[in-house]
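Note that the chains take the letters A, B, C and D in the order they are written out, and that residue 1 is the start of every chain.
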């Protein structure tokens, strides 16, 4: 920790900082410049937080040296985390990127869902995604069919062999969800719902954690840390766009560079969701490819058997025939990606 | 609803939009320009959402005319909502702005809390605020003393006559919290935790809803709508800063203009929190005044009996002697504010 | 300067950093933690920039202790800069806040301009503002009457005794403009047009420098530094809103807190422009007051004799009768402000 | 143009809007809903601007149907603009993406520049980039060697056959620069320096226009429109990152999706600059590839013969050996890109 004192900080103020740090086991170096005094506190203690130090009078700024995430950090674990499922599918590391496809919401139409699942299977995808509980900005919008939708998901999984992903919004639903679903998803709006993070941390299912609209990379990794700290190491990060000043043509701005940044600082797998990231059907293919070429471990794409009748997010869903074309081209790219990925890792890590 | 079609939209695509809208009871006007076709759909239906229409092929953009919040809107209720407490304190309308003060977290020191409460009482404040459950970005940070803290709050309330405010993070805690606390607070990170909004919507306690770091004004009012829609009309909005590109000198950017904007479009009371809004002790006074002079119905300020030892947010807390000076000056301003507030309302509404 | 090395930085890399810093006259302290090495470089040298150091292999981050602006800093000059005009009007320090009012663009209607000027004079304002050269996002928009407009401004100044302000967009116009105008304005879009900053730095007229839509406070003060460094100490800063993720109800978000922040770190005067800051007529009064109550040295407001026919920015202009009412209330506030301002300064500085 | 009136707009206010629009040749349709009145104004007139209409009393919002850029729009010109140089190099359309490489600033070391140019030539790049005039946030930073640097650029061009690119900051330098340089660059900070845009619009050299830190896509295309409107059709857009709330790991956020968006709405070529876009050497390769795979017409990369001694931007420059490795892998990708590009165009346009 480095503490920069205000110009004009008094000797008493400086001493108070030093005392607090020493009392907490830090090794102290004091550097007095002409204008500012800087205190270096050496040690990796958690007994005193930066906020505690910065509240002392005369402290201008506290600069933390180490990243605040620990379990999620490459400092602690240098090899990539790989999550393996019972059917042998793997996410992360040098494994082939996975594809998670399906409707935003599972609707009251099992045949429709099955059509999507069969197309996904045909194109070599590994996961069926579908919402049972939907976070909706307005209380007047459709918010999902709940357990009925989960039953459909399980049935489609049994018919196709696909693994399933669905969003959890409430810790109270967790046990029930775990009966139906292979991977739990935490949505962007719940990225700092710490009670929910804690609850999924106690589950034994892998968790996809979506980046919040205003999450910094550091906060995003700290949200993952909450899950890991509570006992669940199987976190899959998901970049799905952040909020910017321009939403005239896309819903969000996809922070594609966050993928190699996170690969450098964390061992966790990360996937990319161009449907939510852009909100535009025509941008799904290019942005999925952009994510993959910088090293993403998978893609999540909305596909609907009849987007014009979708109860949510139709604008950003691919209809099945278009999905097949797009996925074929993505598969072509993926087949060649191993080479790119190896080169990148060599440079990044 | 206004539907703008892509240049090159086909007759079939245009007809599909018209059919969907007519089927849902809208009155249709079709305007064909040289390049774009525009469809006006007149009617106030909720049977078809804008998202549903925008998913149709050939639709470029759907423009909604009415604001999506209804219960929170001045369209439905033109007079200000005033919330009255059993001791006669009122928030909103032409009532004197209230002051809510206290520590970020209630600590294991009842005497400390009482000192703050007594100072608040002495300065004419109406509410004691204090956190029992703290949302923390890092799992390694202190996250509150829970029920013990609430007991301290209740005891301090009984000794001073102050009303109490505390944040709820989990619907499971609601019943217990309602035994101790007069006003529930939803924090910025939970502004779109829809399960929690629904749960407090079913409570009979007033709710302070903090604006999210990346909430638009519209989303903020829609979050209030979730609470109202579930049965609780007593929502107090709170502006506490939004995320911007510059956090070198302040934690957030306070959107002071949002206060008169919200006054124009909604009847709900709104207060201002300069402690979280700026993260800097020296900015609390000016930014509290800025909020009040544009019409805020109250202020929320962090005060700690010993900020240098605070377990959270010490940097943005006022020590008691400084609080008294600041509050005295704020009271002087508040005494003169009625005049400003009346003038503003006349212009805004 | 503090240099934080990457985990895994080699001895050779560390030595290279030390050598570069020593060669440039810095005093070095080396602190080796378990994971990171930190190098403190003590001294206030400009011979090596932070960017130069951060380009060395193995450097993770360079943290500069001193603010990069010098002439604009309170470190160098603790008393407020006060700019005095030939007619005795003063801006800055403890002087009464000034008011600058007038149309966005001066139009081809001298009588209209004069009406505004007379109303401004009547209400006790000190400055007439009016654009002769207009930056326009689209090339199809009206971009000002140029020298003709400046002649009108000068004539209105002679008739009323008001000082005049107008925007300069091109260094080539400077000499001509200085014949007509008392204060030059640099618009938000030119805040980092360094050639223009340099040119006005060589003028002997005071300069109003508007904050850019995406300027950090530090960059804003560095833009002022460019003007001062080139010889002109009379810079008046102007907060006029920054770009955010929400522009549904206001054009920009006004960063009201930037005013006391800048007062703390710089001695330069700062004014507030709620017309551009919000883009909404009904927000001009509250946001002007918000700026003044936190310590602004003046306000800039758009007033038009017939806003519905204005060639630019009519939506955010006050018509004359409304202006008189608003200004009367602002004057009432200003009369009481001295007290607030003194209290604030005592706390901030 | 669609005009949405405030709830409560009076008949007189509505009539005023209609009169203004009719007087300017628009065809009018009036739609009265229960709450809001909507006026459709059909016609493609420039005689009245949206701002003029929105200034009328009772107008809530004016929605423009057509994009405001015209010359830059695919509506006017559906085929891609291709810029061809005297040596046969082409930018845009289905041509192979170009590479522009070189130092941020040309330094006082011709041999160093030549080394970079020779490496660029060896790797098949088409352009040498190098700054002679540098915009610098601080007046204390190095701002370029001016004409001397341009002479070096020309000499290196003659020795290698590479075309040259350099930034223009001042219209007064244009004639001189055109003697030395093949492509003029407008930097991000000058994207709305309309005097400079006008001046390069009158030149006969192609212009690279960098997106501003806070430019929306629409404003970016309008800046290009200024150049085209003044007579120069040869504009190459450049995505180089926008400002966001998170700059802890990257200087800016690269808006990769803006590339296919712009391809859809404009016929102009667009390139990508991952050096400025990220500020991090290790992100240059992945982000260059991300730009190319979504359809960029070229890349711009900073390469320095000795980045540790670079006078500017060393951190984001590749040293020559690393550049050769990176460029070899990018060339491999580019060789396979034609296929991707054709697929994308088919979907986007």
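Note that in this section contacts are C-beta pairs under 8 Å (C-beta built on N, C-alpha and C of every residue); 3 or more make two chains touch, one makes a residue touch a chain.
The structure presented is a predicted model; accordingly, all values stated were derived computationally and were not measured.
S.K.: So which has more C-beta pairs touching, A-C or C-D?
M.R.: Higher contact count goes to C-D.
S.K.: With chain centres set to the mean of the C-alpha atoms, which chain is at the far end from chain C?
M.R.: Comparing chain centres, A lies farthest from chain C.
S.K.: How far is the middle of chain A from the middle of chain C, if each middle is the mean of its Cα atoms, in Å?
M.R.: Centre-to-centre distance between chain A and chain C: 39 Å.
S.K.: Report, in whole Å, the distance between the mean C-alpha point of chain B and the mean C-alpha point of chain C.
M.R.: Each chain reduced to its C-alpha mean, chain B and chain C end up 31 Å apart.
S.K.: Taking each chain's centre as the mean position of its Cα atoms, how many Å separate chain C from chain D?
M.R.: The answer is 27 Å.
S.K.: If you look at chain C, which of its residues touch at least two other chains?
M.R.: Residues 214, 243-245.
S.K.: Using the touch definition from the top, list the residues of chain C that touch chain D in their complex.
M.R.: Touching chain D from chain C are residues 16, 46, 49, 51-52, 54-57, 68-70, 135-143, 169-172, 189-190, 192-195, 212-214, 219, 222, 225-226, 229-230, 243, 307-315, 317.
S.K.: Which part of chain B faces chain D closely enough to touch in the complex?
M.R.: On the chain B side, the touching residues are 2, 4, 7, 29, 31-36, 38, 40, 42-44, 63, 65-66, 75, 243-245, 247.
S.K.: Would you pull the chain A residues touching chain D in the complex into a rising list?
M.R.: Residue positions touching the partner: 214, 216-218, 242, 244-246, 248-250, 253-261, 264-265, 277-278, 282-283, 285-287, 289-291, 293-295, 329, 333, 336, 340, 343-344, 347-348.
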